[in-house]
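Two complexes come next, and they have one chain in common, chain A, joined by chain B in the first and chain C in the second.
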Partner chain A sequence: MSNPATTDKPAGAQAAGAHNELVTVRVAGELLGVPIGRVHDVFVPNSLTSVPLAPGEIVGLLNLRGRVVTALSLRRLLGVGSAPAGSTQTALGIEHVGESDGLLVDSVGEVMKLDPEQRQPNPTHMDRRWAALSRGVYRLDGELLIELDVDAALAREPSRQAA
Partner chain B sequence: MDDLLREFLTESSEHLETIDIELVRFEQDPNNETILRNIFRLVHTIKGTCGFLGLPRLEALAHAAETLMGKFRDGMPVTTGAVTLILATLDRVKEILGELERTAAEPEGVDGDLIGELERMALGPPEPAPAAPPPSPKPVAGEMVLQILERPLKPGEVSLDDLERAFRETAVEEIAPLPAPVAPPPPAAAAMPEAEPAPKPAPARPAPRAEPKPERPEGGEGDGVSKVQTIRVNVDTLEHLMTMVSELVLTRNQLLEIARREDDSAYKVPLQRLSHVTAELQEGVMKTRMQPIGTAWQKLPRVIRDLSSELNKKIELVMQGAETELDRQVLEVIKDPLTHMIRNSADHGIETGPERKAAGKPERGTIRLNAYHEGGTITIEISDDGRGLDFGAIRRKATERGLASEAEVERMSEAQVAKFIFHPGFSTAKAVTAVSGRGVGMDVVKTNIELIGGTIEIRSEPGRGTTFTIKIPLTLAIVAALIVSARDQRFAIPQVAVLELVRVKPGSDHSIERINGTPVLRLRDRLLPIVPISKVLGLPGAEAEAGDEGFVVVSQVGRQRFGILVDGVFHTEEIVVKPMSSKLRHIQLFSGNTILGDGAVVLIIDPNGVAKMVGSGTGENGFGADEAVEPGPAEHDETVTLLVFRGGGQSHKAVPLSLVTRLEEVDAAKIEWVGGRPLIQYRGRLMPLVPAGPEVAIRREGSQALVVFSDGDRSMGLVVDEIVDIVDDRLDIELAADRSDLVGSAVIRGRATEIVNIAHYLPLAHDDWSSGGPVKAVGASRTVLLVDDSAFFRDMLTPVLKAAGYRVVTAGSADEAMGVLGSGLRVDILVTDVEMPGRDGFQLVEAVRAGGRHAGLPVVALAAGVTPELVERARRLQIGDFVAKFDRAGLVQSLNDLDVPQEIAA
Partner chain C sequence: MAFDLSMPILVVDDYQTMIRIIRNLLKQLGFEDVDDASDGTAALEKLKARKYGLIISDWNMEPMTGYELLRHVRADEKLRTTPFIMITAESKTENVIAAKKAGVNNYIVKPFNVETLKGKIDAVVGS
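== the complex of A and B ==
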């Protein structure tokens, strides 16, 4: 599991999976991993401005050091319902097509280095909504980790169905 | 691309733009040495730099141009041809620069054509002597002499670049002795072949430069375009700076907030200072985004100059307010529309010299460009003193293209008609020129301007010119906004869209009422549609609580006016507009978002979106309430469309619009008098004019309003004082038996109005009109059988029907009528009085319907009064229409409606 990340490899076309460092997050009890290169910030969102008429997964807009960030709920993207009342969510700040997005998760864990070789394809019976956002599954000690496809999650297309 | 080259490119293109402008000025004012010196210096700089960077093609071009200009300086007359040639050279230079920018290398190519021309022109007429020694192969030699000769004459105008270069070049080469003698041609020519052109012009320079050096300060200052203290900064850097400042402002606000709560005074003073500095910093950074509008105008003098020669018109471009500043983003967007409009003005607006002379205007046309600040917006006016919009042509074109019906178009005001030119593909130009007339453009202009929240208006006076007024917001990035609340959420509404604020409360002066569930507000006797913002936004609780209390933000989008109902209004704030995330851009109601002083993100409501959203929900005219759109004239046959005018006295007169062919406004000077009768040339024919009353004087100057009536190929113009209106109204005519020029009088729009009897005027225009002469156009001849027991009525109606284009056969009784019908004479329509002694009108119709070849004859019945019984009987007999007996106009109209239209208005 401790596969030394070879940093000298260029971040080329295939590089996304070359040295897989994932930030682990938890959503509705499930463990997911987000490529660390995509995560700019980890912050606790406050004073969200909700956007009327917006697609369901868009929780609102927030001010992150002078930038307006669009906050999306990973729970709603995955269709696992809203976070229980009173719980605090954490946001991963991600740049996507030149815009700042914030992906809300239940909690953020550690950074794991994983060998892309060990990534396994999505099980065929995986929920379609999950499968659409997953790049594959890692088997950890006693747990499974799903690698999140950030671009798919932040793309505009699936927004309607998830609403 | 190395930095040096990039720097050179930016600098050169700026120089070239200046040269463009200056050259055009110079052409108009060939004796102005300052301008010439300026141009010379700029070209020279370009040439020098090219040499330094090793760009031989560019250098050769610049050099040849410089040579020719040197000749001007020596007193060679400035000709248009020469200037055109130089401009062409500059264009070539620009091309090469463009290529250079793309590929970082000078493109292959030969410029022998231009250079040859330039040289020929330079060597041309005046000096036969120097022309001989330096023949074509060694062009450089020729000018060398000139430059050397000139140099002592003008010591003051050396630019920093020149000095610098001179400095560099002297360091490299040591050909100092060259300057003085007039002899150099041969040596220079000899030196040329091996040494590349670059150093060539240079050596001449160093020595003389040495002296002027100390004088530079004054020299530089005296020069109009001396170096301003500027540096070039990448736009991205500025944008970034802007963002950082915004952030700083927010942090400051938070600090202030904390300081307010904690009474620790130790922070107070430094915090206050921080606050001031931040404010100033913010202002300063904002300023960096501002650019004078003149930068967008730079190309225009050249454009006009080229157009003038292309179109063979003399045009002067006057620019005012070039220093007016606006956001560079806005500037980018309006640049092209402005150029396009200027071209349009030059092409369509300004007439040719002879035309202008004939119209009594100065031969040289003027296009005026004016910019100024006005409130939070910038107004740009583009006006020309040309021929003005041809409203007639636009109307025709609009009808042709099916944008509106002829009747609609006639009813429109000029301002409304003018708007047609913004329709895609709309052009009234008779010929498509290279310049314009293709009908592309004005719609794009409008779209571009509206894109940045601007508006455009047209004012035009035939023969006097056209003015376009563009209003655009000062900046896109920062706008004043009204912060409002709806269901505890705050929103910003751009202040430009806000006309006023009205507090509404049930039971107060201003309260929201409902028409069929739709909320409206009565404001100064107008009904304002109300959009409850929380409802259109679908905010929670909006449905349940139909709160009619709060504030109405009265907004205007285009010509639509409506009110946005909000719960609360806080204050106005200058906000920095940030674009919506691409995930949210599909929501029309928001134009962006912003961060307020307290750090909260707030959505900016787009009034256009509000208008659209609600408009689409309630059908096309959901918002038309304020535009006074007339309900379609389709309610009842009773209403008649009337043209109301004044003609003699103060009373209004009216005539059914269906009889009117056209309304015209003619130049009174064009009215001719033949044998004491007024005539005017109208559509290639002479049309007699008849005053609408004895008191109406035909004007001798200014414009004269005419109502044109046509019958077949004949027309007459009724001279009126003024066209008042076109109205749809019921027509209850009271007969005026004593006046043949009137049918009677009626109350139209609450005002007593005389209904004019056109039949009275037609004979005045054409003697034979009423006598049923050879009037009829072939297809228009339909025969009416008029049955009435009263000879008076027969006589009264016959001319009216004839005037309307019908052949008339009369009968004094039902029996007589049956006789006519049985005689084999062709009858197309039966018009009969209902009440007649003996067999009445109904019995007559019954007899007709009973059989025979006239069984299906259309019938119009005349009755003194209409009762339900009569109507029922008429319906059973398929009588087409009932007309009041004295309503002559009504009868004609009824006949027109009855059958194939008679094309009165052919």
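== the complex of A and C ==
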């Protein structure tokens, strides 16, 4: 199957919205993509304050001069456990319903431009936790890229805790 | 907010993904004329070739850091008045003090969002 990733072109070289620009991340070895329009920063979170009795995916809070950023673990949201001890996680800064969240991932890669028409439905065998947070997949050369459903990932639904 | 949206902006960062994200944020704010450079040395080359209305630079770059770029810009007769916003990590508050002493117009502490960026640009070049 052909690789749907396009050759990168200078800004303005093609019509806006013609491609889906995804910030690629790795979680437990898997490749995921987050729409660039939802990402406003990439940072390494320091001085996280833990939140007693918070849902498991909430790792802590960052307090920045009164602006609070909630740090969530994409690993925990996907049910693959915590990051290995001693590893450094990177966060994507994402706004969700007026709040700032930091979505912790194992690593952040490049930005890929993909043809939205090449996006395919989730494979039927995909784990239900992963499928619940996926908008579909792109089949790259030798690898599957899962497009993250940001709103689903950051939704604070009590029912998700029991999943 | 009253920006000159035609103002050329130079984004300087050695992390290509971050450049793409900042470009996208600037596009959301309506800025279309955005160039980028991968470190201070590359930025100085671009600054020699074109007049920019604003520089947005990361601090932590190699081989030339954002701080060194700022010092070069402020020491250059032709560039010294160019508005300069520095981006620095949350834990590096000492960078903010050094950048202020070196003549930075404003700074952004990570993590930031589009509203923060808009506010800082407005504070520096808004009318």
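Note that in this section the second predicted complex is superposed on the first by the 136 of 163 C-alpha atoms of A that agree within 3 Å, B and C clash if a C-alpha of one lies under 4 Å from a C-alpha of the other, contacts with A are read in each partner's own complex, and residues count from 1 in each chain.
We take it that a contact is a pair of C-beta atoms (placed from the backbone, for glycine too) under 8 Å apart; a residue touches a chain by one contact, two chains touch by 3 or more.
Owing to the predicted nature of the structure, the values given are computational and were not obtained by experimental measurement.
A.B. asks: Return fit or clash for chain B versus chain C, each positioned on chain A through the superposition.
C.D. replies: On the superposed model, which is not a single observed complex, chain B and chain C fit side by side.
A.B. asks: Taking the superposition as given, does A:L62 touch the first partner, chain B, the second, chain C, both, or neither?
C.D. replies: A:L62: touches chain B and chain C.
A.B. asks: Going by the contact rule set out at the top, does A:S47 touch chain B (first), chain C (second), both, or neither?
C.D. replies: both
A.B. asks: What is the C-alpha-centre angle with chain A at the apex and chain B, chain C at the ends, nearest 10 degrees?
C.D. replies: 90
A.B. asks: Taking the superposition on A as described, I'd like to know which of chain B and chain C A:P84 touches: first, second, both or neither.
C.D. replies: A:P84 contacts neither chain B nor chain C.
A.B. asks: For A:G142, is the partner it touches chain B (first), chain C (second), both, or none of the two (neither)?
C.D. replies: neither
A.B. asks: Pick one for A:G109: touches chain B only (first), chain C only (second), both, or neither.
C.D. replies: Second partner only, chain C.
A.B. asks: Once the shared chain is lined up, is A:G29 touching chain B (first), chain C (second), both, or neither of them?
C.D. replies: neither
A.B. asks: Should A:T70 be classified as contacting the first partner (chain B), the second (chain C), both, or neither?
C.D. replies: Once the two structures are laid over each other on A, A:T70 reaches chain B alone.
A.B. asks: Where does A:G93 make contact in the superposed view: on chain B (first), on chain C (second), on both, or on neither?
C.D. replies: In the superposition, A:G93 touches chain C alone.
A.B. asks: Which value in Å is the smallest Cα separation between chain B and chain C when the structures are fitted on chain A?
C.D. replies: Least C-alpha distance: 5 Å.
A.B. asks: So chain A touches chain B in one structure and chain C in the other; where do those two contact lists coincide?
C.D. replies: Touching chain B in the first complex and chain C in the second, residues 47, 62 of chain A appear in both lists.
A.B. asks: Please name which positions on chain C make contact with chain A in the complex.
C.D. replies: Chain C residues touching chain A: 15-18, 20-21, 23-25, 27-28, 32, 34, 89-91, 109-114, 117.
A.B. asks: Within the complex, which stretch of chain A touches chain C?
C.D. replies: It is residues 11-12, 21, 23, 36-37, 39-47, 62, 64, 69, 91, 93, 95, 100, 102, 108-111 of chain A that touch chain C.
A.B. asks: Under the stated contact criterion, what part of chain B meets chain A in this complex?
C.D. replies: By the definition above, chain B touches chain A via 243-244, 246-247, 250, 489, 537-539, 578, 581-584, 587, 589-590, 593, 595, 599-603.
A.B. asks: What part of chain A is in contact with chain B in the complex they form?
C.D. replies: Touch residues, chain A against chain B: 47, 49-55, 58, 60-63, 65-68, 70, 72, 97, 99, 101, 156, 159.
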